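Paired with subunit B in one complex and with subunit C in the other, subunit A is shared by the two complexes that follow.
This part shows the complex of A and B:
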């Protein structure tokens, strides 16, 4: 018996929306097998990683705090990817946004004023956008692949943190630790649920996703992004400039990543430290795809990814799983999702072996 | 003498469509047999089964009286069946000889092969130098390679799939001479086409297919083009209603010494093109494919802007520097040749495709937001007025057949009532019924006072449709003259231009 892929007349909506669910289920299934095979409690690993964060209400605040930067960055990336602009450097833009916000916080230290936090947020936006402007410039002027430039710039930004926290921005009272001073209270993100770690970034993430959803589904800008992404020739015919769209897509995804960086540094971190890069920018790539490049889907995908982060930490302490376990689960999820996506456009068809036709 | 080829009860089912339904006919030795039908009538499927590319689900193929199974094209060639495809499979960087050698089933020493090629070419009057590189050859010459390749096998049946769609009238005449000579020597020819006057001129018998079924087998010389067309589409054919002796208004679209830059691949740029189209006038631009038509359309639509503002003007206003959106606002709409991915986005719904070009002229955008209700309503109107076969405005463009998508695209532009419309290949790959509807819509639009430019390779279409005609060759446009003043021979000479084909 042979199978063949046959193109569907219309892309299947059922598969389109069920693929993420199937990918999660397959990840759990194969995750259990793999971890059993290498000598861990596979079923327990899946339970701790995927279920404990949901069933244990103490973990919910962790989920919200982990999910919000993923959602904000994921929303930006989902827009860029719709335009066929492959911004892989959200991690770098997130770092630059965090650094820009830090710069404002340090500069205004001791000044006081309600405007400091908003100024940090704006700096985060601009820092991320400016960093994404570099790949945009090279892409539109010299046709340099944005995947390479944006990814490589990430490593440059990490070095920039190391330099800044070790020399010019080093906390004078920090006993030699490579970190900035703790931000003044005016530069800290307020907590919105007393007694928890849930900060203002959580509702902001939801609002960002809702606004992005509206813009992408209803506005001419959203239309432009989608046309340029799926048929650049038709976009030109329709009067949309490809270069302009590349700029907008990179600036917007960079700005949102930078904004997430500003929220993180002023929220959970409260200062800039060398450990600031936590791979949110890379994980958000999976979030964008898992959310079907749809801002509303990104909310759910962000939560699922946050579950694997939080669950990974739980599994480390309860069943001694290595910390890289959650990375393996996340990668498997992306792998199964992309593999499943082929069935959106194609269906599996059984074909008779060649020999029979000769009879 | 038994029939060379006899089909009885051939049936082929594809998912959702019966491509051939109990088709039976016979081809006699030395007969030129036309296989006629609209797009999707099942001609290609039938021929693929004869040539062994596909297998029938039911029915029998008899070859010289013997029932046979043709498992693959190699077996077909062994029987003596040759085929010349519509799309050539040639390596541009190799010579004629090398291309033919690559396509041979048996390995023949190149000296011997060259001798045989020269012999075949001498016998049939096919002028071609075996040592020329394919890239330097015209389309007509490339087709000769394919014919020579088929003739080297001494075929008893030669299948020709739409052979004339890319040829100038002179090249067509040369081809017919070769085919008649072959037939006189006893080789049967199965000639697939939808060009009725060619079939009348060339063929002894015509088998007409419609919707996978055999409708009629007739003698084309006894039929009129019209009667055959009606059998093909299954209903009365509407004539283009074109008022005679129309007068034209003031110049609407004026193109003055328009040149484009070479894009560095495939297409030829246009050089110093000038023409004027008046209100109510249809200007036809004829030419063999790849002579600058795409560059001309891009330059007119605004996809490629000109440095010279006055190279193109509408009603005296220079629009050379404007992009497509601005040009549409000034009344110029355009339809490029490529439907999927250029004139329409296959992944998008028809409604979203309407937003692509009609958003400004029909008020589908309010303060940066898309009014999807307006897009749906307009799309519904296009579907109704142009009889587009689609489930509704929410169907994706990619799910429509080529002809229906073209009707939708033409409707989308025409219902915007542009004052200037530029279209390329408006009925390419579209069945006769749909083509007639599109032609009538263009004529009606002109009658309402619009200026229209039709770029096409189909001379019949241009002669029926256009008021004035110009010919594009190697990026240069001949002077436009009333279409009645041209003879087919003259158009052919202009189309052949510097290829030097006409003299051959």
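This part shows the complex of A and C:
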């Protein structure tokens, strides 16, 4: 028996938007089965990973802090992907944003002034955008695939951190450990809920997503991005420049990733360390898709991904699940989402059986 | 959504007060809950494996008086902070953070949980409820260096390190000082991978250095990857780090430095139970049995075993300290005068290489 995928003329909107939810539910269901089958408490694993972070109020601050960089980067990526521009190197742009902000923080160390933190944020924006400009340049001038260039530049940026924290930016009081000095208080992101770790980056993430949603759904720019992405020929006839869209998509997603980097380094990290790259840029790719490339959806997706991270640690301590379990759950979620997407847009059609037909 | 978030933030403030409620002293009958934070997995057959073995030893020794949990693969950064808080909120009264880069997080979280005892392995920052502990690995390195000095044919060794922090630099120096007592021409090339556990990079570094003519390899990372390459390429050999790694390199492992954290964990847990714990730095070595030398491999002839054992015994009875002058730095300038021994403080801030080290670019 053979099957063929046939494009649906009009994918159902209800199904389109409920697919991520179904993917999460399927992940929980199959996760429970898989982990039971290999000898863990499967139901417990699902409960600890997906429910404890929501029901235990102590975990909310962790969710907020973990989700906010994912949301900011995910929003940028969702815009780029809408335009059919495949920026895979958000991790590198996040790093460059963090480094640019660090540079400002170190340069202004001991100066004092309210302007330092905003200057770091601007530096983060510019650092991320500048790094994303490289794939944009090669894409528009030489038609080099941006997937490759943006991804490979990520590894270059990691090496740049190592170089900077080992030599020019090394903490003079750090016992030789490759890290910068701790930022002065003017360069630290303020906490907005006393007694928790919730920093100013959390509301900023929500604002970024709301603004992006407004721009994408209400402005000519948003329309242009969507048209260039979904119907390049029509866009050309309509007078929208494809190159300009590529530039905008990459610069914007890079700038947001860089901004997230600036927030992270001035918030949770408080200094640049070799451990700064924590895969937020890569995880945000899943977040963008899980959020249906819609900035509002990205907020929910960011929180769901944060839940799996935080829950993964809960499951380690309470039921002794290995640390790779949360990775397995995240991968299953992406798998079910992508598989679901295929079925939403295409229908499975049986091709005329050749002899051995089965029911 | 904003409404949700706002409610959540409010609840966050309430949440912040909760640990205060939960911090009432535990009744005597309840077991002491102990958390371990690990930078890699317990299956790395090295550093984290050794800490987990010690955790099991602790459970075995103190039985019902303790209960332990561990979290693996914790990155050195804000994620560690979250894990520490998670353990604290789950009722751990004693938490061991077992990697250097956890330091900032331990200090920060310890401030929020003043009634919980934290111990940070290989760190240097202490506070009222944060102690540090380490082992004198350099004593083991001196034994390995002696073996290397005897057996190396090219007189060149490679050293795969994580970060050039004093602890690692100290190991490189001890190794080459011991080797040069046997072969004055001996040199060592360190490379730093910026990771404690990246088997692919460790193996690549080992291959590259073997291509450049080293025939002995030592590593200060968590797993056996470099040794496996040594076995595969048939060079003279290397050394197990943290645990015996002969299963991965039956011929290439010349000997191993075994970390024996168990007694320290038992002692610390008992002190917390008895209420006698106080913040200090603990730095035992071969003499106390916290650092052990494993079995010698088949390639090590008896006279070399005898020489290595003599270095070990000398360090146990105190007649030998590998950092006793005269010691020159890598440029040939004298740094330690004849007969002078570096103090622990000097060792713990060591940021220079001795003669024989070819510093990385």
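Note that the second predicted complex is superposed on the first by the 337 of 359 C-alpha atoms of A that agree within 3 Å, B and C clash if a C-alpha of one lies under 4 Å from a C-alpha of the other, contacts with A are read in each partner's own complex, and residues count from 1 in each chain.
Convention: a residue touches a chain if its C-beta (ideal position, glycine included) is under 8 Å from a C-beta of that chain, and two chains touch if they have at least 3 such contacts.
Small disclaimer: the values here were computed from a predicted structure and weren't measured.
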Simultaneous placement of subunit C and subunit B on subunit A, clash or fit: fit
Which of subunit B and subunit C A:38 touches, first, second, both or neither: neither
Partner chain(s) touched by A:220 [first = subunit B, second = subunit C, both, neither]: first
Partner chain in contact with A:233 - subunit B first, subunit C second, else both or neither: first
Partner chain(s) touched by A:10 [first = subunit B, second = subunit C, both, neither]: first
Contacts of A:167 with subunit B and subunit C, given as first, second, both or neither: neither
Residue contacts with subunit A in the superposition, subunit B compared against subunit C: C
Per-pair minimum CA distance [subunit C against subunit B, superposed on A] in Å: 24
Common interface positions of subunit A, toward subunit B and toward subunit C: none
Residue ranges of subunit A touching subunit B (in the complex, touch as defined): 6, 9-11, 218-221, 223, 226-227, 230-231, 233-234, 236-239, 241, 357-358
Touching residues (chain side subunit A, partner subunit C) in the complex: 57-58, 60-62, 64-66, 162, 166, 175-178, 182, 192-198, 202-203, 206, 210, 264, 268-271, 273-276, 278, 296, 299-300, 310, 313-314, 316-318, 320, 322-324
Subunit C - residues contacting subunit A, complex: 1-2, 5, 8-9, 11-19, 35, 41, 69-73, 75-79, 81-83, 85-87, 89-90, 100-101, 104, 124, 163-166, 169, 192, 194-195, 348-351
Sites on subunit B touched by subunit A in the complex: 15, 55, 69, 71, 301-303, 323-326, 328, 334, 336, 338, 341-348, 352, 355-357, 359, 365, 368-370, 372, 395-396, 398-399
